[in-house]
Amino acid sequence: MKNRYEFGMEMLRKVDGQAGEEVVAPLGDLGKILAEVFGDIYGRDHLSLREREIATIAMLTVLGKEPQLKVHIRAGLNVGLTPKEIEETIIHTVPYSGFPPAINAMNLLRGMNVQNLDK
Amino acid sequence: MKNRYEFGMEMLRKVDGQAGEEVVAPLGDLGKILAEVFGDIYGRDHLSLREREIATIAMLTVLGKEPQLKVHIRAGLNVGLTPKEIEETIIHTVPYSGFPPAINAMNLLRGMNVQNLDK
Amino acid sequence: MKNRYEFGMEMLRKVDGQAGEEVVAPLGDLGKILAEVFGDIYGRDHLSLREREIATIAMLTVLGKEPQLKVHIRAGLNVGLTPKEIEETIIHTVPYSGFPPAINAMNLLRGMNVQNLDK
Amino acid sequence: MKNRYEFGMEMLRKVDGQAGEEVVAPLGDLGKILAEVFGDIYGRDHLSLREREIATIAMLTVLGKEPQLKVHIRAGLNVGLTPKEIEETIIHTVPYSGFPPAINAMNLLRGMNVQNLDK
Amino acid sequence: MKNRYEFGMEMLRKVDGQAGEEVVAPLGDLGKILAEVFGDIYGRDHLSLREREIATIAMLTVLGKEPQLKVHIRAGLNVGLTPKEIEETIIHTVPYSGFPPAINAMNLLRGMNVQNLDK
Amino acid sequence: MKNRYEFGMEMLRKVDGQAGEEVVAPLGDLGKILAEVFGDIYGRDHLSLREREIATIAMLTVLGKEPQLKVHIRAGLNVGLTPKEIEETIIHTVPYSGFPPAINAMNLLRGMNVQNLDK
């Protein structure tokens, strides 16, 4: 049976891809705890991975946490969000936290050269 | 053709029910602007109302905006989220903003006597 | 010559009126430091008291610090802002931090029965 | 008659100058919404553009939104604030959100080589 | 051997006393996760419980999370902080996040009738 | 007798070393006020410099103020914290503000090449 860390790392690879491992690797004990808690939460029922990433992209936008937002834009694409849906999630934050966080998130998204945003 | 305010109020009633009108009524010009922008955003494509409310509940939890969270828990139920899904959205915020905002949101949710959270 | 504390208390009374003393009184050493720093800042040149209170009401709105916002709404009136100008300052925060802080500030303002907001 | 977007872009050019257009251009739909809401708010009465920029610089300092602060320091100069008044607005944030946001804003201001701050 | 939850609840009782159980009880799955992570973190080496509570009281003050601050003021007393040391921790936040959070925390502390603050 | 500014600069040099002077120098009047308030607070009794830096590192982590965090990691080492204790302070923030601020702080700490974190 997998322990919490192994399960968490597997879930991180599934959701975040290569970037998940790169986040954890340099963090020492904090990385281990991150992987464990990530597995605890993302392994739960009641929300799909797609719904979890919509919530996560919205939260990281309003919190202004751009390094993590970059990882979760990739994660959103991994679990099936389209670039348009990610853009829309960022636009949806405007009534709740105003333009500055949304502008910064949108510039980050558009700088990642994700396709098809202006079709 | 409906103007922005009329469309926004219609969207507010659809999403937030009675609570939407009660939020807007005492706010004067701010209420008018709120209704208009709400309609502009919630009337857009690319995300379902259900997905918009998952994002909104997550954002309001991490922002600690409890009066608005209360309105959007009701809105979430209106657009088809189950109590379990709302609870899970709150739990999903923990890795991103820690326990205090999640605890406060959960106590708010549980104080609203939404059914079936512990089945 | 007045010392920093005496000058600060005088400035607090001038700007915040009676409420300034009521804020400081129960706070022990923190109240003393607050009065001193308040005097240091509000006694400076380059901005009028009216401009300082516009900035302060905007900041306290976006920071969600309602007990202090209540004091500074009164302070704004003391230094010559009209109720309409205070309402407008709250509305002006919307593009920068979204609706929830502005709604909470507006409900606070309107609950204080300041006159003439809907004329 | 100008529509909301056209009026908003005109207001953006008036307040933010060239920088306003550069902010909006890469943002797709978000840029359009930004211009519209900017026009809705900045076109209102009760506060002068000068007072609006004092409030905006104070808010963006406490929110730590440096890309937008840079735009609004230029906007402040456009609408008649002196470098000294902008510096003073940043100093005025200290009692409300402490030194770190004020230090970061001041370093940004001083890095823009706005004249006369130490005369 | 105790599992994570049992260890976490034991640690919560040790640090927070009765209040720890009262926080966890109504929270369902979130309470279980809270107890587990609390045990993971507070059971680590390198900082004493006294040092952990100084950090926690400072963080909860700047975050404005008053229900949790109330629990951790009691926790601080449990692990050996004096009322004066808790007061000083709140005063120490002033340069980092300004007066409003410190004032709110101090009023909370003083409302709990902890002894000896003004001796 | 030293005035507030001289005492504050002395305290800044003692706590932050060379970095303290480099923070203050380019800030004009803000730097003077910073030095004075720093001295007022750090010269108080009831907490050791070591305890003050634990609180400060925790606060700056949750506030996401990385330029100031960098200065206070050096300050922590100056007043006797070990690299392991600083790492542990960052890990201790996780339950209170989640992983993104802790990850950013840990990457900052590890990028400073402080010794012995993985022994």
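For reference, chains read A, B, C, D, E and F in written order, and residue numbers begin at 1 within each chain.
Convention: a residue touches a chain if its C-beta (ideal position, glycine included) is under 8 Å from a C-beta of that chain, and two chains touch if they have at least 3 such contacts.
Remember, predicted model here, so these are calculated numbers, not experimental data.
Undergrad: Which chains make contact with chain C and with chain E at once?
TA: A, B, D, F
Undergrad: Using the touch rule from the top, work out which pair, B-D or A-F, shares more C-beta pairs.
TA: Spelling it out, more C-beta pairs touch across A-F than across the other pair.
Undergrad: Suppose a student superposes the Cα atoms of chain B on chain E; what rotation angle should they report, nearest 5 degrees?
TA: Rotation angle, to the nearest 5: 120 degrees.
Undergrad: Repeat of C-E among B-E, A-B or B-F, where over half of the residue-numbered contact pairs coincide, is which pair?
TA: Residue-number overlap above half with C-E among B-E, A-B or B-F: B-E.
Undergrad: Provide the C-alpha centroid distance between chain B and chain C, rounded to the nearest whole angstrom.
TA: 30
Undergrad: Please work out the Cα centroid separation of chain E and chain F, and write it as a whole number of Å.
TA: Centre-to-centre distance between chain E and chain F: 21 Å.
Undergrad: What are the residues of chain C that contact at least two other chains?
TA: Where chain C meets two or more other chains at a single residue, that happens at 29, 33-34, 37, 41, 44, 60, 63-65, 68, 87, 91, 93-97, 99-100.
Undergrad: Which of the residues in chain A end up touching chain C in this complex?
TA: Result: residues 93-100 of chain A touch chain C.
Undergrad: Residues of chain F touching chain C in their complex?
TA: 29, 33, 36-37, 40-41, 44
Undergrad: Considering only the defined contacts, which chain B positions touch chain E in the complex?
TA: Interface residues on the chain B side: 64, 87, 90-91, 94, 99-104, 106-107, 110, 117-118.
Undergrad: Which residues, counting only chain E, touch chain B once they are in their complex?
TA: 23, 26-30, 33-34, 37, 60, 63-65, 67-68
Undergrad: Show me the residue ranges of chain B that touch chain A in the complex, using the header's touch definition.
TA: Answer in residue numbers: 34, 37-38, 41, 44-47, 51-52, 54-60, 62-63, 65, 68, 82, 84-85, 87-89, 91-97.
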